[in-house]
Every structure is written in C-alpha cells, then in structure tokens.
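Going by the order they are written in, the chains are A, B, C and D; count residues from 1 in each one.
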Amino acid sequence: MIIERARIKSNRPLAHEIWEMQFEAPNIAREYMGSGQFINILTVDDWNHPLRRPMSIASSEDGFVSIIYKIFGNMTRELTQKKSGETLDLLGPLGNIFSKWDNGSYPILIGGGVGLAPILNLKKACDDNKIEYTMIIGARSGNEHFISHEPEKNIYLTTDDGSMGEKGTVMVPLQRLVEINKNAFIFACGPEPMLRAVKEFAINNDIQAQLSVESYMGCGIGFCQGCVIQRKISKIQTHSYHEKYSLVCMDGPIYNAMDIKFD
Amino acid sequence: MQWISNLTNLTIHIGNTSFENPIWVASGTFGYGTEAPELVDVNQLGAIVTKSITRQPREGNPPPRIVETASGMINSIGLANIGVEKYIKKLLPIYEGLSTKIIMNIAGTDIQEYVEIMEMVESVSSAIAGYEINISCPNVKKGGMEFGVDCEMTAKLTETLRGITERLLIMKLSPNVSDIVSIGLSAENAGADAVSAINTVVGMSINAKTGMSDIFTTYGGLSGPAIKPIGLVAVHKLYQQLTIPIIGIGGIVSGEDAVEYMLAGATAVQVGTANFRDPGISENIIDSLKNILNESNRKVAADLIGTVQTH
Amino acid sequence: MQWISNLTNLTIHIGNTSFENPIWVASGTFGYGTEAPELVDVNQLGAIVTKSITRQPREGNPPPRIVETASGMINSIGLANIGVEKYIKKLLPIYEGLSTKIIMNIAGTDIQEYVEIMEMVESVSSAIAGYEINISCPNVKKGGMEFGVDCEMTAKLTETLRGITERLLIMKLSPNVSDIVSIGLSAENAGADAVSAINTVVGMSINAKTGMSDIFTTYGGLSGPAIKPIGLVAVHKLYQQLTIPIIGIGGIVSGEDAVEYMLAGATAVQVGTANFRDPGISENIIDSLKNILNESNRKVAADLIGTVQTH
Amino acid sequence: MIIERARIKSNRPLAHEIWEMQFEAPNIAREYMGSGQFINILTVDDWNHPLRRPMSIASSEDGFVSIIYKIFGNMTRELTQKKSGETLDLLGPLGNIFSKWDNGSYPILIGGGVGLAPILNLKKACDDNKIEYTMIIGARSGNEHFISHEPEKNIYLTTDDGSMGEKGTVMVPLQRLVEINKNAFIFACGPEPMLRAVKEFAINNDIQAQLSVESYMGCGIGFCQGCVIQRKISKIQTHSYHEKYSLVCMDGPIYNAMDIKFD
C-alpha cells in the first residue's frame, strides 16, 4: 500500500449518476495485484469530511487506474466536480482479490449497480486469459446501464423495470445459466440485497461463489477496526479476536459466500 | 539555514521518562503500531499508545461501528483487541526492536481486570515505557466508564495500579463528566504520573432517510476536529489545577493544533482520527512543530507548555 | 401534485399549546425577532425563542466574543440583553402583532432573579406562549450554571417558577454534565412542561500564531454542526426516560437534521448558529421537512417523534 | 439588507496577497448608501466554515460591487480560487457610512493594508464631487501597493521598509500634511495599531477623525451580539445595554475617533 498524489486523466459520466474517473497512479498500478482490490480516496483537503472514500479499482493498466462511481452523497458528488489535470490523494492498492476464476471452472460474473467496477475488471482478466465466462449486470433502470445487452457474447443486462435487457434481477438469468453450466463459479459484487440473494442461491445450489462486500471504513489499512463483517463460523470461542468479525479492508473485500453472514 | 533547525528542542519529560518529541499517536487509532510499516516510520513518533488491551481477546461490537459526522466521526469499536496474552507474546518482542516509546493502553470492567493485565505485563521483561489506563471508553457496557465519571473509583484504581508498576502511569480521562478536574486531581493524588485528555465525546448519528441509527450500539464516541475546542478546555482546566503533566488529545491534525494544545497546558499530544486519513500525518506534524518553533523566538517545545495568554 | 403537499401536517403540541410547525429559532441566535424583517418572515416560524433576558440590562462580556471552529463556533456573549423592563415595554407590544409563538428565555444568577423577571412579565397582559429557562449558560460567572449541573437546584427552580405561571415552562438543559437525564427528570417531576436540549458545549480556541486565547473569557460555548452528535444523544437519552416533550437543539442546518432530531425524540427543534449564516434558513428547513414527509409514507411530522430504529 | 446570489465578474490579484473581486449584485448596489458599508460573504457552501466573512465595499457602480481582500486565512484563500462566472452568496449592504467628508473641511484619507478598500471608495466619492483631498496609503512593503506614489496628485504611499514611497508609517506624511491643512478631517481604515495611532494623533491635535474598525462578526445583522467594540463614555450605568459596547455591524463600522476605546 502506497499513498500517491495522482493526476486525474479523465472524469466523465457513463450513465445516470454513474461516473468513471481515470488516474495516472504509476506506483499504485505497479503494486496492484488483481481484480477486487480498491483504493481509498481523499476527496477534499479540508477536514470537514475527515474520512477517505473506498472505491474498487475498475481497471489498472500501464500506470493508470480507474474507478467507476455512483453519486451517493457529498463526497461522490464532489468527485464529479474534479477536472482532468487536478490531483487527488489516493491510498492503495488495498484488500484481497478474486481468485480461482482461472482454475478451469466456468466464471459467472455478476455486477449490480456500481458493484460492476471490480466485475468489469475481472471480465478483462478473463478476456486477457482467454477464459470463457458469462457476465450479468443488474440495475434498477436502463439509464443506469452503460454497456450493451449482448446475449450472443454472454453479456446479459437486467433491469428492475424492464426498460433494458431482461426484466427482473440478476437472479433471473443466473438461475437459467447455472442450469446450463454445471461447472459454474460465481463472482459477484453489488448492493447487499443482491449479494444476499446470490449467496443463498449459491449455497442452495452448491455452487462456489466469491462476493465482494462493502462496509463503512474508517481507514482501509487495519488501524481502526471499524470495517467488520460477521464471519459464519459454527463455533466461536467466547474469548476470540477476528474469528466472529473480519476486517473487510484487510481480510476482504472478497469473501467466499459460505464464510460470511449478512446479519 | 539548516543549522537553525538543529536548535529546536522537541524533547519533553514525563516522570523520569523523556520523549524525543511530544507527538504521540492515540490508542485505537494506530492499531498496535505494526500495521503499516510501508506508510509510516514509527521510530519518528514521540510514542505509540497501543490499542486498548483487555484480559481476554475481544471481538468488539457488531457493525456498523463507524460513521462520519461534521468535521468528525463516531466510532463504537467496542474494544476489539487481541487480549493481553497475545500482546505479551507477539507484540512485546517487536517493541523491543523499536526506538520509539511504547505506551500500553489497558481497559477493564473492574479493578481486578486492570490489575491482572498489568501484573502479567510487569512479570515479563519488556521495553514498554508505561501504561495509559482507559477509564473512559464510552462504547462498552461496563467498559470502565464507571471509573471515568467517579472520583473515588478513579483514585482507587490509580492507587492500586501505582502499587504494581514503577513505569509511567497515565490515566486517560473522559470528557463526558460535569467536572473533569476533580477526576484528574483524584488521579494525581493517587499517584498517577500524568493524565491524558480527552477520550471521545458521547455522540449519536441517525440516517434521516432510513430512520436508522448509524451505529449498532446507538451511541458511540465522537472524535476529530469537531471536538478540539472540548479537548482544549479539558487540558487548560486540568493545567490550572494539577501539577503532573497533561497529555492533550482531541482533533489534532496539524502542527498548529499541537501548539495550541501545548499552549493550553499539554506536555505532549496524541494524534487520533487524523491517522485514518493519513497514517504519516504525525511525521508531518513533527516537522510543522519544528518549523513553527523555528519561526518563533522559542526554540524549545517544552517552553510552550501552558503559556497561552488569556485576556 | 400540489394537493399532496397539503396532506402534510406539521403541527405539534406541547402542554396545551399547539405550534404550526416544529421549527423554532434558538435563544441568542435570532435577537428579539425584530432585527431583520427584510430577510425573514418570522410568522412562518414555529416559534421564536428570544434572547435570554435578565432582571437588569446587561452589557455582556468584553470582545472578542466569537470565533469560528471546525464546523462550529464558540461564543461568549455574556448574556448581553436589554433587561426585563424594556422587554415588557418595547417588545411585548410588538409580539402582540405576530402570529408566530413567542417563547421568552429567562436567565438569572439566583432563583430570586428568575422569579422577579417572571412575575413582572406575568403581571402584564401579553401574547407570549411561554418561557424557556436558561439554567445552562456557560459564559457568565454565576450565570445559572449552578442550576444546570445540579438536580436539586433544577427541581427547586422549576417548582418555584411553576407556581408563578400557567404558560409553557421549558427548562433548557446543559450538555456539560455527567448525566443530563437526571437533570431532565428533576425538571419533569417539578412540573416543567418540556425540556430543551442542548445549550452550548464548553469550548476553547487558541491562536497558535499569537499564543492568545481567541475569546476574552477564555472558555465559551461551542455550537453548530460539530455538536449535532452530542445534541442527538441528549435528546435520545431524555426521550427514553421522560414523558414530557423534548425540544432538540444543536447543529441543525437542514430539514434532514430536523428529522434526525425528531426521530431521536424531539417534538420540536430549534435552529441556532445557522441563523447567523442565513437568517431565512428556518423557512427553508420547514419546506424541506415538508418535502421529506411528502416523499415518505408519513405525512405527519409528529409521527416521527422518537421513532429512530436502533439495531 | 438583502441576500443576493451574485455572479463574479472578475477576480484578480492586485498586489502581494491582495486581490480584487467584482460582483454583479444589482440589488445590493441599489441599496448601497455610501463609502464604509460592507457585505458579508458566504465563501463555501459546506458547513465546515459556518460563518460569513465581512468585506468592505470598495466600489459600487451600475449594479456592480467590488471588494479588495487580503489573503488572511482559509476563506480568503478560498476566495482566490473563485472564477468569473461562478456565483457567491452575499448579504448586504451592511453598516453605516463615512459622513461629513463633503462639509467643507479638507479630507485626509488614510488606508493601511487592505483597509484601503473603503478609503478608495471614499476617494472616488470625493473625486465625483470635486472635493479636494489627500490620500495616504501605508503598507509593510512595496509589493503590497497597487497604486502609485503621486505627491503631485496628493497621493502618498508609505512603506515600513522604505521600498516604495516614503519610509515609515502613514503617520509621517499625516503629521506634515496636518500642519499645512488646518481644516483637516481624517478618514481612516486599517489595522488596529494604525487606527490607534491615528486616533491618538487626532485627539492630541484636535482634529476630527472617522475610523472604520473591524471586529469578529458572527452574523453582521445584529442577531449574535458578537461584534462589539468598547465605547468611550465617561460614565456608564451599572445596568446598561449597548452603552459600554457598541455593535460594529449595526452601529459601525464607522465611528468618530473620540467615541471608541481600543482596549
């Protein structure tokens, strides 16, 4: 992990309230280990918002890294104001990575909302490694999508309102696809309700799944103990440390679906 | 004029212990000092106060544990920590190799727990410089909070621990009281070498959209620049009445902030929340403190202590 | 869909008094309500709590009286005010002509002073809706602060004043105490119609460059968004234990903030520091509150009170 | 007084750390009453700096008002970042005005540091009204000056370090000029040490003087009672209000030198 003052190469809207920002961040790009890692962004120099904001790395190539972000609150809105040429203070790369997507199974990549950032990243890794896969991207409505529904290329979009791709959630094509591909391995990132559904589905159908989860982060580097998610362990000692709770910033953000609990 | 910079003297003393500089990192905001060696040279720090240690390891509170507020944040970690046994086995050996001073922060739910922890550490040889006693964590039920608001309990705990160690004994005070000075005086009279102030201020945050409390435990501890005025009052009031050194904490993010705390009466300061944003910030604060001293007539950091001019 | 907006109901009740909406302006942050008629239509406000009035006019403290801090400010005005006689003569007649409710805030250094002031006002006919009793101003020596930290004194003062007026009697609580709930309970048991919380938090600010305290009286009262988490805790704790309404104060600058306070347990809220930046902000907050209610299922502001969901 | 969202017409450096900003603020310009009034500027929309910043009106013409400001701390630094075309929230015009400069006496206008904003404003009023005057502007060093030393036009500059105009403070030419102009009336704005010296000089020499003073302001409109300055009154009642202390925002910022005390 490195702190780098990175020059903004581009910053542009991709879809409704969804933006992409590219940074020249050679040091972070050099240390980057793979799809799933994130950076922690200092959006304002003032101390009114003391905390950085974590964002998944959507791509990392030739000294550049990019993020895809959704306008959520003050700091993501502030991000949209940044102009290319300005610099931002980035801390990264942080966290662990998707694994075993290249172990011969058939990857089904699932992204919901901005959760598609690390998924696009993994898609590229599959492409580069000539691994066949299917990708499913869900959104509430068509205006949040910025890639095309191309079933012929195994890229499926879904929308809650049916305005683009298939109507419904990502579970609709997933269900169908898993029946075809007995060797499926799910990789998913998205809002918690989606991850819950995917997790339950994977467990019920005995399919392996890796989920990229989110949590509120104070530091991103193990200092604050703030970012925990509950582990699913049958027996937890009364006096334990990091058995029941795992640090998303250090141990995650990628977890096997079986290993975590959402309540 | 590089040579001028050499004239500044940042050394400060607490009890018989001297510290190379007055910029420490605060308990719970810098892990065990071993988390990010790539990002910060811990040997530059005046001291590291390690995360509160309890007798047994603790998982801490369920999430959400953290939320940002205006110029601050609320946390309710619930003293997640590795427990004293692992602290002794895994961390003390590492601390032997550091040139910075280590202050071990201890938390407990009753006097017996504090005593056990300290006796275990005292029974082994180690390089730690002393103890900071957390009697003021707002996030744990029975988490020492009783001590922090009660003079008698504070005196009793201090006295008991004083009997166990000759190392530095620093009592960490809570701001969530009517009268922090009387608690500080109890600690001083019972033999503490110093007090540190302040721990976090009890705070709450609500999401107006969802109607949910932002923190699992409903209340948590407010920290960051928002509380600097509260920390400064505590330090200034304590300085008027106590004779032992005061360690200032609360919202320090710059060299100027450190100077303000020293002017108010702090012998040293601790940087907390700011570490989350910039793990190397304490090194910057040390540099900035040096520059401020250089540009003023006073080259000796200790000369700042308590010299604020009031009207 | 204009008609939907008519469905929202902002009315709230305290004792027998109803208020058109729960957005009030806080004492000391809106003068006597007559200062800026060009900038704000005071008749839109739920209520105006007027600047603390003492028996005699007061000049207040020497300058500097104000300084900005991170997401807040510190003030030490020292209760500068025109005194009760002029209040009765000059202001009460003006208030007759307003449709908004007027709450008169009273401060004193002993029970006798509060009593005299209230008796003088009660002895004339006026349109004021009630009294807010400032037992918690941190900026005046003997400025009522004794009452604010002491349950017995609070009870005695409340009881005495209860005997003098049938108008609304609201006791304004200080956050600078170990246990705000016991003070609130004392007020409730002694007959208060409501409590308001919080007054300012004791704070200090120092200029690192000059080494001077930024405020003449060294300590002052911290207000603004920085203290919102502290105000929310106070309101939420009081709501758990008291049966009388609670009026929430501290760092409110938006409709969301008002909603958060109501969720925590406030029946009404007061806007303070924000008025300095934007005298018309309370009107915006009322509009925003309406919009938030419209967009949610709950159209009735009073339905929000105390409904925060904890984990 | 009005709150107006004003478009920035220009924002440029005039001298070392001294900038000028012009606003299109027709409503404030319309209500403007004369030299000495100020506006209260909301620099950031965020609440990390809750208070506005007061700035004297340096000119008001044809729907435009301007300020001259010195980089002092965070908000004045932030002001330098504003671009023409952006808008700022202004509250004004506030405060009272210089008076009697057109009553037949000989105005000596004294400005120190950025205190020259209202003084330049008064100069223009004198010019417009064909009133003769002398102007003295003081600064620490030449790089803080942005007008010329033109003794032939009765414009005198001073610098503490002698790098431009006369060496010394504004008191040097003032002393000389007062000897020549028996009918002098001083109008001064600047840092407190300068105002103290001018005040003492005026009283000792029995010259009338109006001073524009500063104080830390919470609101600018009489709500907070924060901005007081001490009045010089021989006898103050024990129980008084606004006899001992005056509100700079409402009663000031212009005071007769005799009427105020600086301790």
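As a convention for this text, a residue touches a chain if its C-beta (ideal position, glycine included) is under 8 Å from a C-beta of that chain, and two chains touch if they have at least 3 such contacts.
Worth saying up front: this structure is predicted, and the values here are computed from it rather than measured.
Across the structure, the highest number of inter-chain C-beta contacts is found for B-C. Separating the CA-averaged centres of chain C and chain D is a span of 36 Å.
Centroid to centroid, with C-alpha atoms defining each point, chain A and chain D lie 56 Å apart. Averaged Cα coordinates give chain B a centre that lies 46 Å from the centre of chain D.
Residue numbers of chain C whose C-beta contacts span two or more other chains: 62, 70-72, 224-225. For chain A, the set of residues touching two or more other chains reads 47-48. With chains as nodes and touching pairs as edges, the resulting graph is complete, every pair of chains being joined. Only residues 62, 69-72, 74, 149, 176-178, 201-206, 208-213, 216-219, 222, 224-230, 232-233, 236, 251, 255-257, 259-260, 263-264, 292, 307-311 of chain C touch chain B when the two sit together in their complex.
Within the complex formed with chain A, the chain B residues making contact are 28-31, 35-36, 38-39, 51, 56-60, 62-68, 70-73, 75, 77, 80-83, 86, 224-225, 253, 273-280.
Interface residues of chain A, counted against chain B in their complex, comprise 1-3, 42, 47-52, 215-219, 221-230, 236, 238-245. Of all residues in chain D, only 47-48 touch chain B in the complex they form.
Chain B makes touch with chain D in their complex at residues 70-71.
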